Every structure is written in structure tokens, then in C-alpha cells.
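One structure is given below, encoded as C-alpha cells.
Order of writing sets the chain letters: A, B, C and D. Residues in each chain are counted from 1.
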Amino acid sequence: MEWITKNLPYLMAGISVGGQYALIAIGYTMVYGILRLINFAHGDIFMVAGLIMVYAVTVMPMPLALLLVVVATVALGFLVERAAYKPLRSAPRMSVMISAIGVSYLLQNLALYITGGLSQQYPAIPWLSDTVTILGATTKRVTLVTPVLTIILVVVLGLLIKYTKVGMAMRAASRDFETSQLMGIKINSVISMTFVIGSFLAAVGSMLYFTNYTGVTPTAGAMPGLKAFVAAVFGGIGSIPGAVIGAFIIGICENIIKGVGWTTFSDAFTFALLIVILIAKPTGLFGEKAIDKV
Amino acid sequence: MKKRVLSVLLAAAMLSTLLAGCEKKPEAAADGTEAASGDVVTIGVFEPASGDNGAGGKQETLGIQYANYVTPTVEIGGKEYTVQLNIVDNESSNDKAPSAAATLVSAGASVVLGSYGSGVSIAGSDTFKEAGIPVIGVTCTNPQITEGNTHYFRICFLDPFQGTVLANFSSDNFGAKKAYVLTKLGDDYSTGLGHYFTEAFEALGGEVIEETFQEGNSDFTSYITSAKNEGAEVFFAPSSTEVAALLIEQAASQGLEIPLLAGDTWDSNVILNAAEGKNVDIYVSTFYQEGGNPEFDAGIKEWINSDATAKANNGGDDTVSGLTVMGYDAYYVALEALKAAGSTDPAAVNEALWDVTYTGVSGDISFNEIGDANRDAAYIKHANTETGAWDFVAEQSVAE
Amino acid sequence: MSKENVLKVENVTMQFGGVIAVDNLNLEVNQGEIVSLIGPNGAGKTTAFNVITGVYAPTNGAVYYKGSKIIENHPQGKMKKLYRGENPVMYTGHKVLAPTPDKITALGIARTFQNIRLFKSQTVFENILIAKHLRRTSNVFTATFRLNAKEEARMREEAEELLKIVDLTDVRDELATSLPYGKQRHLEIARALATQPELLLLDEPAAGMNPQETLELTEFIGRIRDEFGLTIFMIEHHMDLVMEISDRIYVLDFGKSIAEGNSEEIRSNPRVIEAYLGGAQDE
Amino acid sequence: MKKQTKIIWNVGLIAALLLLLFILEQVVPSSSMLFMVLKKGAIYALVAVSMNLLNGFTGLFSLGQAGFMLLGAYTYAILTIPVESRASVYQYFDGGIVQFAIPVPLALIAGGVVAAVFAFLIGLPVLRLKSDYLAIATLGFAEIIRAVFQWDKLGPLTNGSNLLRNFPTFQSVLYPFIVAGICIGLIVLLINSTYGRAFKAIRDDEIAAEAMGINLAHHKQLAFVISSFFAGVSGGLLAMYQTTIQASMFKSAMTYEILLIVVIGGIGSVTGSCIGSFLFIACSEWWLRFLDNSNLYIGDFHLSFMRPGFRKVVFSVIIMAIVLFYRKGLMGDREFSIEGARRFFQKHFKKKQAVEGGSSHE
């Protein structure tokens, strides 16, 4: 029992942060699945969602602010795709990736300009940020809500992709971009939809994440973003269940490492895990192998 | 093709500005206090306005600005000089510090004030040293800053002192035998203060559990859990205000019942705001307790309230931080040095600084042979979570 | 006969997932011959080439070059045990080789590609010069510090020679990809020759050429064979070319070799006619 | 003959440049931002060219540059801090375990060698990965290296996460120019050798390159190790420039900056990377600083949107514009040369020639 009370908090923190990574990771994995693009700006979109919340609550009631965060983040994701990625559709992949780095740089600097470089206190969302005690461990309610909500969202997303028309189009596009285009799939709207879904999940993720870790800084999205991306690669990029499982594994491992006292290496561990999996199974846990055609 | 032409022209234009730029004398243009006529002396302000230490840097700068507002001129060698502040953001980052410092050097500063955060101070130090410009550290407490340098001075106490004060305090007040020390990797202030605290605490027969966290980390729950599991009696976390806010929030939600201790950086209303209404027990050591000089307090409060930007930089209210007070005093020390030097020449100012004495709001200031302030007292304050203000606890010094 | 064979493919099977692209293929190419591999689209011709040049490791079988085994594989896992019982000499005692294409090229087997793979940002001359890299004796230091000036000069000279042979000297400094299609094919052959091969594999060298160009190519292939003492093994669809030039022909259908012989034999072989007409999709 | 004149021209140009720098140093006050930009620009030019060797010439998308710079910088610092100041630098670690100092040039080379050795070890497993996967794996390695160097168990060697300082630095702007110049010169020689051609072949078409007998693993490894060597040297130079170093400086953001320089200059152009580097540093550190000034007035109108941070916003907008609209960067994959410049001016400023000067590449 004592062992549980001692170690439960690490596990809870791991599962909770894992769920938050999962929500971000889905955005990475879906975009990569279709465009073969590491959307470096995704973590920063997540950060902007946090900032919007900070400013929104000062002028409107909480429910409205939550709604605004979702709408504005989705709009931002859509806009970024249209402005920075769409013009480069025919360019080499490296150009698009660099454009993504540029967007990330721009968003961070904009946030720096607006906030004046200071950490902004994320507002407490009622109910979510209440303190609860389970098995002798005290935590915020959001810790418990996150994994549940994550799994619900992933299941809904899975159904959406499996049974709706746009979902099918997405699957087709991620399997073979050119052919699906020839088959009459409106590739641009499919891509936009991908970004919309990714941003929506990032917005939800930001609410959960920043409720737990309440400081929003211009670089607040960088690390979670990178880790979520690692989770996506870990699980096999392009695979949604893979991303989710990868995210939970990384979240939990990270916290266990901290619990053991190897804090210097908690970030490094994530990358070490990534490199090991890339070398052992380059396509990740659930990725598909592609054969080069000669 | 057209684009290529354009781009090359653009590049050419930029290159030509580069060449033009070097013909010009370095203009002290950055801060536009219109130097209408008469002579101008430039005081550089080398402070973070963004990044981890942005909040603290801004509060310190505020003190300097207020002092400049109160005393905008100085008489040097019988002539009236307008003091122009040239404020440069070192972005709390050790690798941006040298270029920020170079900006001040090229702006022709006679003396520089700063910086909040020991790491950036050390990182920028050599640039000033090469240019022969003296620097007055305001609240950078790491001993390495002044050690071996003749151009770096400081008006605050040092980390070995502060660490000992806090170790004594935890031992005397809480009877603590076990402390949890959490420092940030790569942050000289945090690592240094943590180190001296550990040294002093262990000398008192206590036990210390040391942990570190990485830059960009915002999840402190595991650390708090560990502290609880290890049975620590105090939690010492010398860190930036940014980290402090996160830490306090998570400590409260995890029900950390032991006192949270920190150094001078936490003397900020960011901490008060974060702690307000929460079940946390916070103690900090600092340079000044509000109410120490009612006249000064009233003046600066009025000024802060009259200026929206200043108020925002102070964290949105008019609590007077120890940092602001130190900034204020540093400005007057610089003026004293300028007066004593009788010249705006940095080398002369540097010479004059050794003998400057000044009675500031935070106490008497004079420098020892290393360039450090002779200070022997620190204030311990406790965050009142109901009123959202600091309560004075003790004035503590080290029994040698 | 088998003594002088340059290339021997033995029981090669190549399977991708459930698809068997090449099924138990056996063939031989002798010194100085021009041998063609024909068959309908998707018959596994290019896959066979890719196995020989080390791009794919075969699922089963072996490839010999001038009598020595260069590629070998046999079924993994359960199957391995079975084979071991049946023919221990053949399936044990050998390391499974997986040589990379560059090592095969170094042995003296050069190739061209069906869908022309020139170095697109390089000039015609540089394309050939790059292939000269293989036979260098310099290392990275001597090359950087220009201690290999003699060798460099020789490389350039030989590359110029090859340019002359394929008649591309006048477009020497054009971008390779700016050439017309037919010339790109010639350049690719010249580039392959620059690696100093003994066996040249040509993958549809006449694809997309008009009859006149095809005629020239036919003549060209014969010429280089004699001039460089080559053995040539090629995949081709242009029957005129194939019939004209080949000493022997192999016909592949659905991964299987269905016929072998000289032009006359192939022309009259009923299975070949059936494979081509029964498929009824091309030629 | 023609080649000789070219060499003479280039040597002359370099001499003129160095002379110009020397004169500038005598004339312009040393406190000018110009020198800061020139020094840092030269260092970044070297690391950008080294990154270009990988990304531009060999087609390996690697994002590990900051990690290799860290190795070079640390090696340099650890080996050159004078013995007498070690006690104060390694104050938490009893003066550290390294108790000797070696001359600066040796230490710079040692920095390169250490980076190259690490690159060799990292390259063995990682270089098999393709494009994005390679990028993310190298990025990961850089982060791991950073964490390892901050580990306090290694403190006696690395000073833990604390600053390293007091090592020899340079005063004259000529120093980084000459060192970086020599290194870039070596890279150019390499690129124009038979190995350089092989690298470009790999970039253009891996499969064809392999079929031409180019050993992919060996050549990729070679490019990676050489690129890292020069990144290491530039790390040492950066340490000299910064006067203090710390592992936390070498974040992935640094790699991104270098990558942006490469892109701005033109992927596959050495001169482009050099020009890009100076422009980038000048813009980010110098020319745009006035945008941070919060008290700027046009007449009586207060430009209130200008406040600290605005500079960076403008800067990132410029970068986005370049990435989107000047996709090939300033130089594309071409090189700046006297001849090219002459032709360029002939083409665009003499109308007569402009009509016929339409050949697609020079």
C-alpha cells in the first residue's frame, strides 16, 4: 500500500502527460501520413492555443473562451497550411519542412512579442483544476480526466476515419497521394481537414496540459511538440493507434525516469528510445514497410 | 530570373548598408530620450526582458527607470549631463548575452547596470571587460561574476551568504534535518545557490537530496512526489519566477505540506499571485522589505500606477519588489561613480567605483577589494496566501 | 559451355509478400554473347536484373559471375531445415551473401535503368566522370589536397573518350536531363561503360526510340561489344532490335522462363506466341 | 591558362578581403557592432557550409549540427583553460580532472576530431535511415549529447551544467576569418574532387550512384564525419567568440538557425551559405535592433507597436518570405564567382547583351 502511494503519483503524471502528448501526436502523425511532412509548427500551434485562452478569459466568460480557443486554433491550423505549406506542394520535401520550421519560428516570436516574453498564468478551468485525492495521492482532476478523454477522442476519430467519406479520402491519400488525386479526391480539402482535426486535438490537448502546468511561454510548445512527434515516430508514423500508444509509453517512461532520480536524462531518454526504435524497426511499432521501386 | 535579380539587388542593398553602417559613428540611438542639446551620458541597462528571467529583469529595470525619472541629470566635472538609459534585452540566454553586451558597448555606454540572472552576467562580462566598461551587478549573486575581474562590481549579497542564511533559517525555524534541493541545469544562479545551501545545510548536520531539472521542463509533479517520499522537511528551489509559478501551482495541487524556500529571485509578485489562495508555505530571502522606506515606497507606487507599461512590467500591481529597489540603488551608485570620476570615460568611472559609498534604500553600499558589496544582512519574507502580500519574518545575518 | 559463362542465374526466386515476381529462374550468359531477356510487361524482367545487380536479395537461389558465387539465398526458418536435410552441401556451409549494388558493379557488372536515372543536376561530362570514381586509387585526403592530379587527369581523359564514343562531345557541358530522350539513353550506356565492366546489363535501351534511332542503337550496341570486349545481357521490347542483335534469347512470362534459343527458335516457339498474343496487351 | 587566371583572381580577392578587414580594424572603433557581426558571421559561415556539405551536397538531411558544435566547443574549452584558472572555473568539482592546457590551434583541431569521432559512432547506425527519419534521429542525438554534457557525474570533465570560461579568445576579426576561410577552402576542395562528385551523385540519385559503384554507406559516413569535423572546429571558434560556453546554449534552435542560413543562401551553394550567414547575423543582431526601440516617433506619431520583440517578428516574417518566395535562396545551387558576376552585370545592365543572354545556366 505504501509502495502504491509512493509511486502512484509518478504513474498518474505519466499517464496524464502521455494522454496530452497523444492528442498532439495525432496531429503530427496524420499530417505526416498524408503529406510526408514533419509539421514542426504543430507544437507552437498548441502553445498559441494556450495563449489564446489566457487572453480570452480576460474578456469573456469561461465556456465562451473554451469555444473560442477551439475555433481560433482550428482556424490557425487551417491558415498555416494554406499560407505556408500549400504553395510548396510541388517543392522538394525539405523546402516544406523548412517552411514548417519557419512557421514555428514566426509563431514563437509573435508570442514573444505579444506576451513581452513573460510567462502567462493559465486560467484555472473550474472542475478540471480542482484537487482530488485517490489512494492517498493528491492531484488535479485533469490528471484523471486526460486519459479518459484522450481515449474517447481517439475512438471517435477512429470511427470518423473509418466510416465517413472524408475519412476514407484521408486513408486513400495517405496510402497513395498521387493516385488518390487521380481518382478524383479533392486533395486540398482532405489536407485542410487533416490540419483542422490535428489543430482541434491540439487545442483540447492544450487545455488539459496547461491546466496541469500553468505557465504559457513562447517556447512552451516546443518540448511537448518534439516529444509528441517522437511518440508518433515511435508508434509508427501515419498510424493513429501507434501515436497514442507511443505517447503513453513516452509519458510514463519519462516520469518513471524522474522518479528514479535520473532527471538529467528524462528528455534524452525519449530521444534514445526513438533512436533505438528507428534502428531496430525503422517504421515504428505499427508502421508499414515501404519498398523502394527501382 | 526576375526574382534572382531582385534578390541579388536586395543583397547588394543590404551589403551597402553594412558598409555605410561602419562609416557612421556608433550612434547612441536606442533609447529616445531626446537628447535635445547639452551633454549626454549613457548608462547601459543589461537586463533580460524576455525568457525565463524576463519578469525579474523587468522589475529590476523598473527601479532603474524610476531612478532615472527622479534624477534625470547628473553633474560631471562641473557640467550638467542628461542621463540616457540604453536598455538592451539579453533574453535570459547565455548565448545572446555577448551580442547584447556588444550592443551596449557600441552604443558607447560609460557604465552598465545588470544583469538579473548570474549566468548572463558571466556570459556578458568579458565583452565589457574587453571594452573596458565597468558593470555594476544589481542582483546577480553568484561569486564567479566578480571573481578575478576588476570591471565587475555588485551591490547585492552573494550566494554563499544567501545560501548560508537560508540553511540557517531552515534549521533554526523548522528544525529541518532533511532538505530537498531542486536546481535548474545550466543556470549558474540556481546551481550556485543550491550548492552553497547544500554546503551550509550539511555543515549544520542536515541531509540534502539534490535534484535537477532541464530547461523547458514544466512538469514538476514527479519532483514534488519525490520530495514527499523522501521525507524532506524543507523544499529549497532557487529558480526563476517562471519556474516558481509552475512549481507553486503543482505543489499546491499535490498537497506539499513542507515549507518552500527560495532566494532573491522569488521576491516578486509573480510568486504572490501564484500563491494567493493556495495552501503553500513560501519563504524567500531578499534585499528589501516593503515599508523599509515609506517615502520611497510611496513615490515609486505613484509612478508605477501612473504608467501603464511600468505597471504591466511590474506584474500588474504596485507591490515593490526587492529587485526594483536594488535597481534604483544601482542607478545612484552609477551616478556617484560618474560624479567621482568627473568624466564619462569608462576607465575613469571604473577607477572611481572602488571608492564609491552610497546610502541607498536597501542600506549602505560600498565595495570590498573584489568589487562585491559589503553586506551582512538579508531579509526573510513569507508569502501571505490570504492577502497576497509579503509578511516580514526576520532579518538574518551569518554569525561568522 | 558452362566453363566460359560469365553470368549464371540459378534457381532464383523473388517474392514480394504474396507476389512471386521471379519464379525459379535459370539462365546463363556466355563470354562475348549478346543475350536478350524478353517477355510481356510485368513478367519479372527488371526484377531479375535487380536481383543480379544486388538491389534485391532474392528469396531463393544463387547468382554466379565468372564461376564464383556472388549472390546466394535460401528460404528462411522452417524451410531452411527442410532444405538442409535434402541437400546439405548446397544449403549449409555457405554464408548468406547480400552484396550491395556497388560491390557488384566493382566486380565488373554495370547496368542501365528502364526509367533513365541520370544525375540530374550534373552535366553530361560530369555524369560520366562520376562513374569513374569507382576505379580510383586516391583516398579522400589525396583527393582533397589534389595529390591525385595524375589520376584525375586520366579520369577526365577517359571520360572525354567515352563522350566521343557516344557522340556527345558537343553537348558536353549541358545538363544531362536537358538532352533528348535518345541521347540520355546513350549517355546512360556511356556512364555504365565508365565503370569498366565486362558484363553490361541494359534495361530496355530502345524504349521510346523511333525506328531510325533504334537502328542506330542496334549498331551501337554491336560496336561497343566488340570495342570493349563486353558481354551484354539486355531487356528489350523492340523485337526488330532483339532479333537482329541477340545471340540467344530468354523469354519470361509470369516470372517463369518459358523458352530459350536463338531468334529463329523463339520466333517459332508456340509458347512464346501464346504468351505474347494470349496476353494480347502489347506489341 | 584560363584556370590560372581564375586562381589568381580568387587569391587576389581573398587578399583584398583580408586587407579590407585589416584596414577596417584600424579605422573603425573596435566597439562597433560591425566586428561582432563579422566575427560571428564568419563562424556561422563555416558551420553553415559544413551543414551544406551534408544537406546540400550529399543530400543527407541531418539536424545534428548543434550537437557537434557543442562537442567542438567543449573540447576546445576543456583543453585550453589555463591550469591556474581551473580551480575557479571548476569550483564545484575541485578544479576538474584535466590539469593541462594545449595550444589554441591544436585544441581547435582536437575539437574537430572529437566531433568527427562521435559522428563516426553515431553515423554507423543512424545513416541507414532515410530523409526525415535521419533528421529526427540526428536531432535526437544532439539532444542526448547535450544532456550527457550537463550530467553532474561528468562534472570534473565538463563542469556539469555550469559555464566554462577563462579560455583563450581572439580579439582580431581576422582570426575567425582566416580559420573559417581555411576550413571552407578545404571543404570547397573536397567538393570539387572526385569524392565531391560522388557526394553529389548520391544526392541526385542514390540508386544510380550505387549502381555506378559508389559505396553509399562509406561515402555517407565520410560526408557525415567531415561535416562534423568542421562543425566541431566552428564550435571551438564559437567558444572563443562567446568567451563562455555552456551546454544549454546548443539547443535545436541553433541547428534551425544554421539550417535557415543554408536555405537563405541556397542549398548546394558554398558562397550562398557564406553570404547568407553574414546577412542572417547582421539582420538578427544588428540592423533590425532599431525595431525593438519603444520610443520611436514619426513626427508626433508614436509607433507603439514597436517594442522589444518586434525585431524578431519582422525577422521571422522576412525568413518566411524567403522560404516561400525565394525557394532557391539567394544563390540557388550556383556559386559566386568573378566571371559569374561579370556576366550577370553584362546581362542585366547592357541591353544589347540582355537580348541574347538567355542560356538557361551559366
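The working rule: a contact is a pair of C-beta atoms (placed from the backbone, for glycine too) under 8 Å apart; a residue touches a chain by one contact, two chains touch by 3 or more.
Everything numeric here is computed off the predicted structure, so don't read it as measured data.
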If a chain touches chain A and chain B alike, it appears here: D
Furthest chain, CA centroid comparison against chain D: C
Between chain D and chain B, distance of the C-alpha-averaged centres to the nearest whole Å: 33
CA centroid of chain C to CA centroid of chain D, Å: 43
Inter-chain centre distance, chain B versus chain C - centres from mean C-alpha coordinates, in Å: 72
Contacts with two or more other chains, residues of chain A listed in rising order: 112, 116-117, 264, 267, 294
Residues of chain C engaged with two or more neighbouring chains: 55, 113
Sequence positions of chain D contacting 2 or more other chains: 147, 150, 152, 207, 308-309
Of chain C, residues touching chain D in the complex: 53, 55, 100-103, 105-106, 110-111, 113, 117-122, 126, 129-134, 136, 138, 140, 143-146, 148, 152, 155, 175, 178, 191-192, 194-195
Touching residues (chain side chain A, partner chain D) in the complex: 32, 36, 38, 84, 87-88, 91, 93-95, 97-99, 101-106, 109-110, 112-113, 116-117, 226, 229-230, 233, 264-265, 267-268, 270-272, 274-275, 278-279, 282, 292, 294
Of all residues in chain D, those that touch chain C in their complex: 186, 189-190, 193-195, 197-198, 200-201, 203-205, 207-217, 222, 226, 268, 333, 360-361
Interface residues, chain B side, partner chain A - complex: 48-51, 54-55, 58, 89, 91, 185, 211-214, 216-219, 221-226, 229, 241-242, 245-246, 249-250, 252-255, 270, 273-274, 312-313
Residues on chain B engaged by chain D in the complex (per definition of touch): 3-5, 7-8, 11, 14, 17-18, 21-22, 26, 29-33, 49-50, 89, 93-95, 98-99, 102-103, 105-106, 108, 119, 122-123, 125-127, 130-131, 144, 147-148, 185-188, 191, 195, 212, 214-215
